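You will see subunit A twice below: alongside subunit B first, and alongside subunit C after that.
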Partner chain A sequence: MSSRRHFNPWAFILPGIIAGGVVLGFPVAQAFWTSLHRLRMYRLHDQVFVGLDNYVRLLQDPLFHLSVRSTIVFSIGCTVLSVIAGLAVASVMSTRGIRGTSAARFFMAFYLVPFVATQVVVGMMGRLYVWEPEYGLVNFILGLFGADGPMWLISRDTAMWATVVTNAWRLTPLAVLIFYAALATVPEELLESAEVDGAGGWRALAMIKLPLIRYHIGFVALIQLTSAFREFDTVFALTGGGPARVTNVLSLLVYNEGISNSDMGMANAISFTMLIIVAILSLVYMRFARLGEMGN
Partner chain B sequence: MLRTNRLWSLVVSLAVVFGLLASAHAQTTLRLAEHPGPHVAALEEYFIPLYEELTGVKVLMEVLPPTQLWQKMQLEAQGNTNYYDMGYHSPGWFGYYYDKVAGLDALIAEFGFDIGQYSESVINSHMVSPLLRPGEIVAIARNPQTPIYAYRLDWFEHPDEQAAFQARFGRPLAAPATWEELYDIAVFFTRPAGATVAGETLAQPLFGYSASVKPPGGMARAFLAIVYSLGLDGWDDTYTSDLRHPILLEGVAYWKKLINDAFPPQAQTWDFLEHLSFMREGRLATAELWPEGVLTIDGGDAPTAGKIGYSTLPQWPGNLKDLPIGRGFIGGGGMLIFDTPKKAEAFQFIQWLLEEQAAEFNLRTAMFARADQFTDPAVLGSYDFYDTFLPAFQEQMAYGFPRQHVAEYGAAMYNPAGEFAADVVFDVLTPEQAQRRWADAMERIFTESGFR
Partner chain C sequence: MAAIRATSVTERGGLAVRYLFLFGWLLICVAPVVVMVMGSLKDSSLFQSIPQLFSWDGFTWANYERSFRQGNYAHFLRNSMIISFSALFVVLVVCTPMAYGITKLVSPRARNAIVFSVLATRFLPYVVLALPMYLFFARVGLTGTLVGVVLAHLAMQMPFIVWLMLGFFAGIPPEVEEAAVIDGASPFGVFWRICLPMVLPGLNAAAILAFIISYNEFLFAFFLAGYEAQPLTVGITRFVGGTDVGAQYGVVAAYGTLIILPIIVFALIVNRYIVSGLTQGAVKG
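Presenting the complex of A and B:
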């Protein structure tokens, strides 16, 4: 009887472990194994074990450090912007009088467009129609106010911010969806009591709504952070990593090393390093989330 | 009765479906990976439809930006997918898939292609690969070329511009003999909107010189004209890099100055020939010209047609090889055939296009490769600009740098050249850091490959 009780849970999770091992564990192990080798795209049959040499070279490379910095700025920028924008939109949509109206439903569907658009298309649209210095939307609007807009994607001072805004625009709908659903769980009587006590919209948001959905905010921030950390398509289509490598985030460095420079060993070393960083970020979040639960 | 009718309907339907499938299967379809250029419209609108009509063979052409093109060809070839039957051949890319390309000698013998139409230098640079595929013909040249210098002849000859240049630099305004003269001319013509050029007020800023310098591929293509003009080869016979020579730092300092002072900022987002569109719009005074872009600025419908002058690249005084003029690498390309079951059909298409239709192909693209194209009166009479363009083109080709036929060329030389120049020009690394990085990486790659 006792052995059956021990056997059953394992029987249920074994298929998941096997599937996870095949679709996740094997590629990760393969990537790590390849990162310990010298493997050139033009000599695929000539794989030589080099130990940690790729990692040593990587850590000594100033361009890797530059990419790490770019990735941190890009990821945090995208996360902060998309979370704030998501909260703002979801809060407005949850307001009494707007929530549930046909206009609200239309705008919710409208906000999903960037979420379902192909990332490369988002990048191309950004490059050709939004940030383009002569004919783009942003400089057109600035021109209406008599201002000369910069060359957003060409200037070192603005390229990263234009890239962050474009990618945050793509990430925001996910935040809107989750926050909108989360705000719907805030008890109406709490908000009514706050209103009776004189708390206005901002105060109710800051003192009641945000504390109640803080785990959702943390969850969305983690998802956005890890998504932005791995981002390739949008940045590649938008700037290709330029100008002056300002937007050369780690995933583009992987591409440059693996495909452009044919160094698959190094590309896998960078990928595996990224995996470790993302795993650490996730663990930190889970740790904080657990501490928060214990505090409660 | 009803049941019999249904049965017959089913049989007939199945016969039609299988018939359609069988006929679709019977039709040969060739897939061609192509580089952008003036040949694309000619292929798409004229040659491919004509060939399909004549033979029933379907040709699907995919055109990709240069960097994506070699990468896709490489991935498909290394994956043994047989996806492409034919592809654009660049000698610098050949190492990425050299073992997946069909040798052409047997096909040439079988179908009787006249290789004698190609000069020895073109065969050596574009049709064989002695180190990777010794003793074989691996591609057919289509538009071997090397960059030359193009300039607004009408502005150069304008009395106001002549006088102003003479007053500022103490010499007549003419095509530059040295790279420093090229710089002077470039900054001379770089003017803000509202200024005048040749007596006309500029609606938009005018830039003095440009190439397409998107890093790393576009930047590499343009900057290698400096590297080879300096007399550097990349490496010597012992596979030791010559890039540690101080002259490389002089070259990149010059390049940085030229880009910062005369290039349109947009140039860093352009991959290959986009700067010629700027010249066509009257926003660029002089330019690096890969000859396959000549129709953009001097073709019949171009506003600048008849207003362009041509010259060889200028000399780098004190260069390590005493070259009398500057030089870029011999680029452009040809067509290769992947080792697929349809290689004979692919070869027949290439033979038809580049041999039977050689004159027509040239008329529609202004691309030269074969001896008969340089002597055919119909070809030579087709564009007025050939009188000045072809002498510059042919003289420059005589000095063009044939890239070394090693698989490592892209990883050791081409791509890092673009990264080196971009990292210095945009202040990512110091020149010395970037130089050391490039030379070290090159020698490490050659050591890995067993050359050193």
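Presenting the complex of A and C:
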């Protein structure tokens, strides 16, 4: 790139690689190693090699199946909801007359609130003030329309939906921001010529804007999917995995097994399984979107 | 002619509808927080309905008093601040030179390999890191110390911050650096005196985001920090006794407000940097 001779970029990179190896590589290797052992938390020196036994037990465990199902519903629900909401808000923000105005900047500042709100507090706030069946905000609003809201977090049929909506609320600002920035890169001439052809408003959005930002939609969907997949804080504070374990996503199951049951071998087997799932997801994604499209 | 007139009329009529939509979304974003803040100022036993929260009946500071006295707010705030600022410092010191070095790699294969691993580790489930750290720290006696939590935060933030800074460094035109080299600047001098000042807005964005992420973080602190080192996020869950919080609406709200409101106000003030930081790396400029 440049003609400098005595400069070695590795001198800048190496400390980072070493730090990353220690804080990222070492725990991951350790997680895999522990997952092959029987290890109880209160007897740390009594580590017995059991091979893939933890994984075999895992696959036969109905609680694991339940958690896998909740995690799939939760992650996909959060992703779909936050991408759709993000597209809707960003599209309206990008229309002529609003984009670039001080009103747009004002709205955008407040749209960040769910993103910067502390997740555990969001969970508690959701439980006590938003989804509470008798006094909560959601049922209060439903009541204004004469509807009788369900028991939300208490009922097994609705708890997952309330949890998905709460977490999607938290994830949407990122989608709004990225889509808003991406929509700014759509050339104005393209929209003008479409308008002359009679394709304004909705049709321009569906036929021109969305196809042009499809890589960003894919990228945001991947970020939301993986961050919902690993979510712990919000669900832990909102439902604690209940009622009847319907919201007990995999991260919470890892906590149950590892810390509460002190079965470290099993817990690490679950978390390593999560790692494999995420790796597959990212690889599938990288096949579809060329890496070069994103940044750098 | 007719078509053009039609669009301008719908655009003007539509503007009000669009503003209404944007205002509705704003309400969705802030309403839960507003309700909680109002709830924190009310006697819990009087909590009957949402409108009641907005009346003067039962107004009290008692919930805040309890948060400070029994909830030990000041102690946990101190831990939160130590953790967030140390994490921010460590993360920036490690990640900024790394990102700069990556943009300077001549071999595209080496560069792609590193960028790929940065991106891949960005999606790591945190429990994969937290459990082994818990085991390791238990063995070497780092459980319950701030050092352990800060190291965990480095692991959590590194991929994101490197990715962020990569985008900002890549935006520097090569001519600027070449001119500096011709003027006799050393490689480190180019980085320190030429490039770093040019990415200062990016560095601000990274620092602000790193701070917010660390301040809000719960999982690692919950696994790794004992009582002495626990930050506010863990403090509130232990204080209100896990899932049995029914009787303490007001105290939970007050404690929650004390955690959430400072970070929201801070974010509103520096929102420009958060916006630029989050869109960087996802959208090519």
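The rule is short, and it goes like this: the second predicted complex is superposed on the first by the 271 of 296 C-alpha atoms of A that agree within 3 Å, B and C clash if a C-alpha of one lies under 4 Å from a C-alpha of the other, contacts with A are read in each partner's own complex, and residues count from 1 in each chain.
By our rule, a contact is a pair of C-beta atoms (placed from the backbone, for glycine too) under 8 Å apart; a residue touches a chain by one contact, two chains touch by 3 or more.
Here the structure is a predicted model, which is why all the values come from computation and not from measurement.
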(message) Applying the document's definition of touching, compare subunit B and subunit C: which contacts more of subunit A?
(response) C
(message) Contacts for A:G240 in the overlay, against subunit B (first) and subunit C (second): which applies, first, second, both or neither?
(response) both
(message) Output check: A:W10 vs subunit B and subunit C. Expected answer is one of first, second, both, neither. What do you get?
(response) second
(request) Please indicate which partner A:I259 is in contact with in the superposed arrangement: first for subunit B, second for subunit C, both, or neither. (result) both
(message) Under the stated touch criterion, which partner chain does A:L44 make contact with: subunit B (first), subunit C (second), both, or neither?
(response) both
(request) Have a look at where A:R99 lands relative to subunit B and subunit C in the superposition and call it first, second, both or neither. (result) neither
(request) Could you tell me which stretches of subunit A are touched by subunit B in one complex and by subunit C in the other? (result) 44, 240, 242, 259
(request) Using the touch definition up top, name the residues of subunit A that touch subunit C in the complex. (result) 1-4, 6-13, 15-17, 19-20, 23-24, 26-28, 30-31, 34, 39, 44, 89, 92-93, 95-98, 103, 107-122, 124-130, 135-137, 140, 169, 173-174, 177-178, 180-182, 185, 195, 198, 200-201, 216, 219-220, 222, 226, 229-230, 232-233, 236-237, 240, 242, 250-251, 254-255, 258-259, 264, 267-268, 271-272, 274-275, 278-279, 281-282, 286, 291, 294-296
(message) Taking the touch rule as given, give the residues of subunit A at its contact with subunit B in the complex, in rising order.
(response) 38, 40-44, 48, 62-63, 66, 133, 151, 153-156, 240-245, 256, 259-263
(request) In the complex, go through subunit B and note every residue touching subunit A. (result) 67, 71, 74, 78, 95-96, 98, 214-216, 265-266, 268-269, 407-408, 410-411, 415-416, 422-423, 426-429, 433, 445, 448-449
(message) Show me the residue ranges of subunit C that touch subunit A in the complex, using the header's touch definition.
(response) 3, 7, 10-11, 14-15, 18-19, 21-23, 25-26, 28-33, 35-36, 39, 47-50, 94-95, 97-98, 100-106, 112, 114-116, 119-129, 131-136, 138-139, 151-152, 154-155, 158-159, 162-163, 166-167, 170, 174, 177-178, 181, 187, 191, 212, 215-219, 223, 232-233, 236-237, 240, 242-243, 245, 249, 252-253, 256, 259-260, 263-264, 266-268, 271, 274-275, 278-284
